[in-house]
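The following pair of complexes shares a single chain, chain A, combined with chain B in the former and chain C in the latter.
Here is the complex of A and B:
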């Protein structure tokens, strides 16, 4: 029973990280309707920028984090301005964007691996202290992850509900052409979408990297986690993304309890395929008639 | 000399994979990210049949082809309900699932330890262990696969696939069933990949799951995206380029520690540039939409 409770707590902590990834990936996927694989590149870019700032230029950690997140955001926006937007102006379909995005991902991962090496980089040394609540143990870093993650996601949830501009961004996913017709600043909206998406990627990556370190090849896993959460929860529902992330995290920690952590991928992609087959609109989305 | 023979053997194996995948990607217009799965299942099935069941090489290849066809059917049947991004995602999901199973089902596959000491193939009582003999075997297998595939490319089946690729609804209106034709193409591609897997396993005489990862699937897709697909020339150019590029880098004197990364950087750049300049690849007939 204690073990189950502990796993549930761990699940909630993991879910906060997964929700960040889901929101980051979902923003682009929902409003631009293409598969932003390079999201995984932004994810590692932010953490490595922090490592560079702290270790090479000797900034304190807090300043490095701010600079690192900024570099991540600039990187994400530049990917759009230099690759996606020009491609879209040539009326490229989502297949071309997907392949180009894959190219960006491969490029960034290996550039970073060339500079920093393929091995794991540690951001914070030493074992973090942990708190005990009765039989439950939660480390300090887990507390930070949980609080930061849920704070960011909740704040953003309010923004996307209340702010007119973000409502416009949300509507962009329905009819992209209509955005210009309505006189909304289409290119600026793209910049905002990519900046926010990269910010979420950077935040998630730093929260993980500060805990267990980072290596150049974890970006793909992060991207896939976010993507699966969004698609399982339902692309058209913001709270569905969070619910998807939560479901994924809890099921994974249950799988750890029953089998072992090595089978996590089986759980993740098993859920994905089953969802796509039986409820392609997402588990939490209402069933709509096709003509709606 | 041995080095050149080795390169030719690898090119032969990847040509089999590339031409097989060409049927799905180039003719069907479906970006599949699980081709390494069938390559891997073929390799593992051949190894099991030879080492555990004691079959000789050729029956083992045949058995592996049938086993892989079964798995390709299992993967293709659900995956082909989707098009576009969803298809990519579902095939990617199967890639990750099969890799997880191969890696963690230690009793069956020995997982990360791999299977060493796979016997060399022997055909008609003659054991093939020297490089030239092996190259001949690969060439014969490549010849058979290519003969089958080229016939399929030009057959009504290949043309129907192209029609479905270009306009699925119109082709369906002409009575071409996407369910049957795509599934058939997918299974054939899987069977051909299985042959390549058999050759790889017996050539290297050691397999472990890390040869059949998502990266390998991406590599195979990049072969077709760079060289081009939907015809006969594209996969050839793509394979030669992708296999010889790392060797060219080696001659430039790059140390082995950075060479794999430099190679991947070039692949990434090439992919981005091609999407701008030539989405159909060097000599292809199909460009992703």
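Here is the complex of A and C:
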């Protein structure tokens, strides 16, 4: 029972990280309607930027984190301005964008591996202190992950509920032309989408990297986790993304309990396949009229 | 009465609210508009007709900046807007109603209306919304309903009210009554008339297939065939009595159409 409770707590902590990934990926996927593979590149970019700032330029960690997140955001926005937007202006389909995105991802992974090496880089050395609540143990880093993750997601949720601009961003995914002819600033909205998406990717990446370190190949894992959470929960529902992330995290930690951590991917993609077979619109999405 | 000559749009006499001169436009390799010219003046209720594929919607898209013409010049209120973005054209007073997909079904009616008023100032937002709801009274009870659940006529009314939130001086409408019952269609036209009377809309240009209703409404008619302006008239009423006069344009080929 204690073990189950502990795994549930771990699940909630992991869910906070997965939610960040889901929101980051989902923002682009929902409002641009294309699969932003380079999200994985932004993910590693932010952490490696922090490592570069701290180890090479000798900034303190806090300053490095701010610079690293900024570099991630700028990188994400530039990907759109330099690659996606020009392609879209020449009316490229989503298949072309997908391949372009994959190209950016591979380029970044290899560049970073070339500069920093393939091995795991550690951001914080030593064993982190932990707190015990009765039988439950939670490390300090886990507490930070959990608090930061849920805080960011909650703040963002309040913003999209109240803000007309963000409603416009939401509308952009289904009715791109309409958003343009209503006089909304389409290109600026794209900038905001990519900036926010990259911010969420960077935050998730740093929260993980500060705990267990980072290597150049974790981006794909992060991307797929976010994507599965969004698709499982339902692309059209913001809280569905979060619920998807939560479901994924809890089921994964149950899999760790019953089998071993090696079967995590099986759980992730098992859920994805089952969802796509039986409820392709997502587990939590309502059924819509066909006219929509 | 100043009007554009069909073959050479360079001779625009007088001052018009919006004029597009010698527009060539194409989708990829397929050219749709061939030297099409159109001029809209204040107080115009212009009806743009023509067979399917004549380029009516394309012309509206060019006017609003969704499609960039390969040749041609567009002026609005005396300014050359050819290189302006869609957003700039919309915020400077052109309202455009899309033929379909003109509301956001996932958002509530209220959110849709607010989206329409995105680029107007915050302090007039509430007044505008109240004005709109005065005209489209039935939307009042449905403000919190998801827009996707509205009926066809209600959707179209919502779409029009979203466009009107910006108080456009010129309204471009792409088949506002497409797919509606005759009753709903005439109520949509009523709303447009009303908008022109009380909402500060100076001129309307409408693409419409439902000629029975729209000919009564219009005071100017432009026939577009094969991407060319085939006929312009200030007396659409004539065609109401003698529809065969209008129909003859629909059965002619583009090459013969330049009467």
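Just so it is clear, the second predicted complex is superposed on the first by the 291 of 292 C-alpha atoms of A that agree within 3 Å, B and C clash if a C-alpha of one lies under 4 Å from a C-alpha of the other, contacts with A are read in each partner's own complex, and residues count from 1 in each chain.
Here is the rule we use: a contact is a pair of C-beta atoms (placed from the backbone, for glycine too) under 8 Å apart; a residue touches a chain by one contact, two chains touch by 3 or more.
Keep in mind that this is a model prediction, so the values were computed, not measured.
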Side-by-side fit of chain B and chain C on chain A, or clash: fit
Touched partner set for A:168, first chain B, second chain C, both or neither: second
Contacts of A:266 with chain B and chain C, given as first, second, both or neither: first
Partner chain(s) touched by A:182 [first = chain B, second = chain C, both, neither]: second
Touched partner set for A:280, first chain B, second chain C, both or neither: first
Contact breadth on chain A, by residue count: chain C or chain B: B
Partner chain(s) touched by A:98 [first = chain B, second = chain C, both, neither]: first
Chain A as apex of chain B and chain C, Cα-centre angle in degrees (nearest 10): 90
Touching partner for A:35 - first (chain B), second (chain C), both, neither: first
Overlay on shared chain A, then closest C-alpha pair between chain B and chain C (Å): 15
Complex contacts: residues of chain C adjacent to chain A: 64, 66, 86-87, 90-91, 96, 98, 101-107, 111, 114-116, 118-119, 148-149, 162-163, 166
Residues of chain B that touch chain A when the two form their complex: 31, 78, 81-82, 84-86, 88-90, 92-94, 96-97, 99-101, 103-104, 214, 218, 225, 258, 261-262, 264-265, 267-272, 275-276, 279, 287-289
In the complex with chain B, residue positions of chain A that touch it: 34-35, 83, 86-87, 90, 92-96, 98-100, 102-111, 113-114, 118, 220, 224, 227, 231, 262-263, 265-266, 268-270, 272-273, 276-277, 280
Parts of chain A lying in touch with chain C, wherever the complex brings them together: 164-165, 167-168, 170-171, 174-175, 177-178, 180-186, 236, 288-289, 291-292
